[in-house]
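There are two complexes below, and they share chain A, which is joined by chain B in the first and by chain C in the second.
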Partner chain A sequence: MVRKYIALLRMKYIEMLAYRLATFVWMTGAITQPLITMFVWMNIHPEESESFLFYFMAVIFVERMTSAWDVWELDREIREGTFSNLLLRPLHPIHWAIAENIVYKWLFLVILVPVWMVGAVYWPALRPHMTGSQIGWFLAAVVLSAALRFLLSYSCGLLAFWVTKVAAVYGVIDVISLFLSGRIAPLEMLPPQLREWSEWLPFRYMISFPIEIATGAVRAEELVRGFAIAAGWLLVLAAVLQWLWKAGMKKNQAVGG
Partner chain B sequence: MRRYGRVFREFFRACFVEEMEYRSEFFGNFAASFFGVGMALLTVHIFFYQTDDLGGWTYAEVLVLLGIFNMLRGFIDFALRPNMPRLLEHVRRGTLDYILTKPVDSMFYVSFRHLVFWRLIDVALGLGVIGYGLYIERYVPSAVDVLMFLVVMAASLLLIYSLWMMLMTTSFWVVRIDDLSFIFDSFFETARFPGSMYRGAVRMVITYVLPAVLITNTPALALLGKWSVSTVLAALAVAILFLWLARRFWRFALRFYTGAGG
Partner chain C sequence: MVIRVSHLHKSFRVHRREAGWLEAVRSLWRRDYRIVEAVKDVSFTIEKGEIVGFLGPNGAGKTTTMKMLAGLLHPTSGEITVGGFVPFEQKAEFKKMMSLVMGQKSQLIWDIPPMETFLVNKAIYDIDDRSFRQTLEELTELLDLAPLLDKPTRSLSLGQRMRCELAAALLHRPQVLFLDEPTIGLDVHTQENVRRFIVDYNREHETTILLTSHYMGDVAALCDRVMIINYGRLIYDGELSVLTEKLAPYKRLEVRFSRLPNISWDEYGEVAEMEEGTVVLRVARETAAGTAARLLERFDVRDINIEDPPLEEVITRAFQEGVYGS
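Our next item is the complex of A and B:
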């Protein structure tokens, strides 16, 4: 398995190099929404500008490190029928997707960490104040976020076996997650009702949770609870994905004849 | 000029016939537009949960601004966005030759040939949001306000058209056009909020270099009765300047095209 993954990663790495410009454009495009939101909050609470700067830069970082666009890939592949090529290969298609995600996230990490370090030289607000265990929890939470978003994206993509407008379905989920994952506002700024929902829904654990750990907003007992809820959603989404996969395979053969 | 009116009506009719083949999608599109506006309103609501003033604008004024933003985006998606990938195809496959030989202006043709009607729902919803904002503000625009609003709105549409056209013209050199419209969208997204909210260099750029602020803020202010003759004239002047630039750029690109296509 390890050798297979090394081969997969190498392939995906070469593929990525072919699309350097596109990758760069998508990367710069993804930062405008958090930046605009940051300006709004700095305007509302000017005295907390520094913490908003840290928060929204962290949003950009975590968002890039966890985003998965498998839903669009799957949608296209299933609709156009090229998905069958992947099915014929001896390895489950999900491994290709996982390898691709690892490669892109590695690229983003290699670019964003030095950018952050240079930024921290100029803006003291960007210097993180984290203890060793906090860093550990933060990294664990980022990995968990990435896994959650990947499972959600891939499961939605599998819906393409039944629905033609998967991208629209995912779009709706994404907009809802804008509010509940902490991208429109730090969750503590939300009205109490929405904040309560955000605790139990998976979206908080897709972006906000790691940042809350980094800023020290999460206390020890909340930390355990947060990880427990996130892990619960991880199991649920994995089960959903497996079920969709099985049902989709049956459906796929029925259509393919 | 009258001939162009007739040609545009003919484009309109052809696209309408085309669209009627997909009538079943109407409801889904309608729901999607409603959802989009609802979420935009919720966003503004969440911001104003913490404050009652954003860069000197009240809740109701920001709603008027949001309505105008939604309207303009509706116009972009109605007339401009559908044409961008087509121009790319024409350039790549050399079929632009056919357009150049037609007895209509090529820039006019490539930018308005394809229209997506259901996007006009966004324009209507935008008008609704504007009305709602004015209602909360308890402000009834006077006839002069409306006149000024119409003038500035026309300038904004011209500006958007010119910026979009310049971006589209780069397809003679750049191949990945979906990335380009992505750049425009992220820039236009800044126009959703009052320009006075931004700080420092960002504010300078979106006010003077890429006039995003001018495009949405001046019509909103005009409708709220906060216009001045000088800003209206400035908006018109900037719009005409950008249109001229876009025109020049298109001509320049065409020269490049014939050079390459042989």
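Our next item is the complex of A and C:
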């Protein structure tokens, strides 16, 4: 399995190099929305500019490290029939997607960490104040977020076995998650009712949770609860994915000829 | 035997909608479905090392059958075993002993050179370094791949890509090879090369090959045995030569005259074509020689040619009329 992953990672890396421009656009394009949102909030609450600056830098970082585009890939591959090529090979297609996620996220990491560090030199507000264990929990939460978003995206993508253009379904989920994951505003600014729901829904654990750890908004007892809920969703989504996979294989029409 | 198919059925549920925008609106909340039976009660077996041509018009069920054999589609009913495996279970061991090449669909990764796909396949199929090197060398030589391996796949011509496609499919030395229109869109010369490669490869490795094609040249060059499918039913399974005799009990007589005589041709045969100075007659097999002699005797004939009807014509007949007593 290690050998297979090395080969897949290598291939995805070479493929990424072939898409240099597109990769650059994805990278910068994804930064625009949080940046604009940040300026809006800074304008509304100028006295809290510094905490917004840190928060949205963290949003950019976590969002890039966890985003999953698999739904669009699967939608296209299943609709156009190229998915068959992966199915014919003696390795589950999901490993191709995982390898791709690792390669791109590694690139984002290599770009974003220096950017954050240089930024922190000029703007003290960007300097994180985290203890060693906080950093550890933060990184663990980022990995968990990435896994959750990947499973959600891949599961939605598998719906392409039943309906064409499933990306639309994912679009709806994405809009909900825009608010409930903390991408538009920190969750503490949500109305109390929504805020309570957000604790139990998976979206908080896709972006906001690691950031809350980084800003110190999560206390020790909440930390355990947060990880437990996130792990619960991880299991649920993994089970959903597995079920969709089995049902999808029976439904698969292997289109095109 | 390597492939065994018995009473195979496959039906799809297809959404039906009439044309027109009113119908389009209506279909938003009322959807009519109908069941399309793509494959009906198909049974056959294929022995190790055979090359079998699988023929039928578009939509006859060839590709559907092939996809079921490769494990991509779940049969509605019936049984399939390929090399002792049930394809739909999609076991890794099964995938390692077969390959499916689709002329219209590339397994090569589009934006990077073919060699990268080969290396990924090497890892995924657990091919060890030595056999990989050996196989690649052999395929590079047979398919003349050397200048292609490091160019991005998208920049290859269709023929070049098909050669790489075959190599990618054969790296793990499959015992069973499904070729779905491997020569589609290729020029005559490249078609020729691909055919020669398939024949040589089959002879060398005793690979069992099932092939679909719309080019009768492929079938004539590669297959002794053909299976014909139409409307989802297997209507012929046997030797190609027997099919020709059965369906085309006549010869084509192509006669070129100095001046085309203005006569009724009925007493010689049925006119298939008539052009300036040339007549093509369909004549019963037994009387072909006699008719030719009479024509030579009575008219100023510049050239005469007796041949079997083209395979296209035979196959088209099989599609239209069915094959009786097969």
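What we mean here is this: the second predicted complex is superposed on the first by the 252 of 257 C-alpha atoms of A that agree within 3 Å, B and C clash if a C-alpha of one lies under 4 Å from a C-alpha of the other, contacts with A are read in each partner's own complex, and residues count from 1 in each chain.
Following the convention adopted for this analysis, a contact is a pair of C-beta atoms (placed from the backbone, for glycine too) under 8 Å apart; a residue touches a chain by one contact, two chains touch by 3 or more.
A quick note: this is a predicted structure, and the numbers were derived from the prediction, not measured.
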item	value
Chain B versus chain C as contact partner of A:I14, first or second or both or neither	second
Partner chain in contact with A:F179 - chain B first, chain C second, else both or neither	first
First (chain B), second (chain C), both or neither touched by A:T32	first
First, second, both or neither for A:K165, with chain B first and chain C second	first
First (chain B), second (chain C), both or neither touched by A:Q242	neither
Which of chain B and chain C A:V40 touches, first, second, both or neither	first
Touched partner set for A:S133, first chain B, second chain C, both or neither	neither
Touching partner for A:P191 - first (chain B), second (chain C), both, neither	first
Complex contacts: residues of chain B adjacent to chain A	28, 32, 35-36, 39, 42-43, 46-47, 49-51, 54-55, 176, 179, 182-183, 185-187, 189-190, 192-193, 197-199, 202
Complex contact set, residues of chain A against chain B	21-22, 25-26, 28-29, 32-33, 35-36, 39-40, 42-45, 165, 168, 171-172, 175, 178-179, 184-185, 189-191, 194
List of chain A residues in touch with chain C within their complex	3-4, 6-8, 10-11, 14-15, 18-19, 81-82, 84-85, 87-91, 249-250, 252-254, 256-257
Residue numbers on chain C that touch chain A, as the complex places them	12, 63, 67, 70-74, 90, 92-93, 95-96, 99-100, 102, 104-107, 109, 111-112, 116-117, 119-125, 152, 180-181
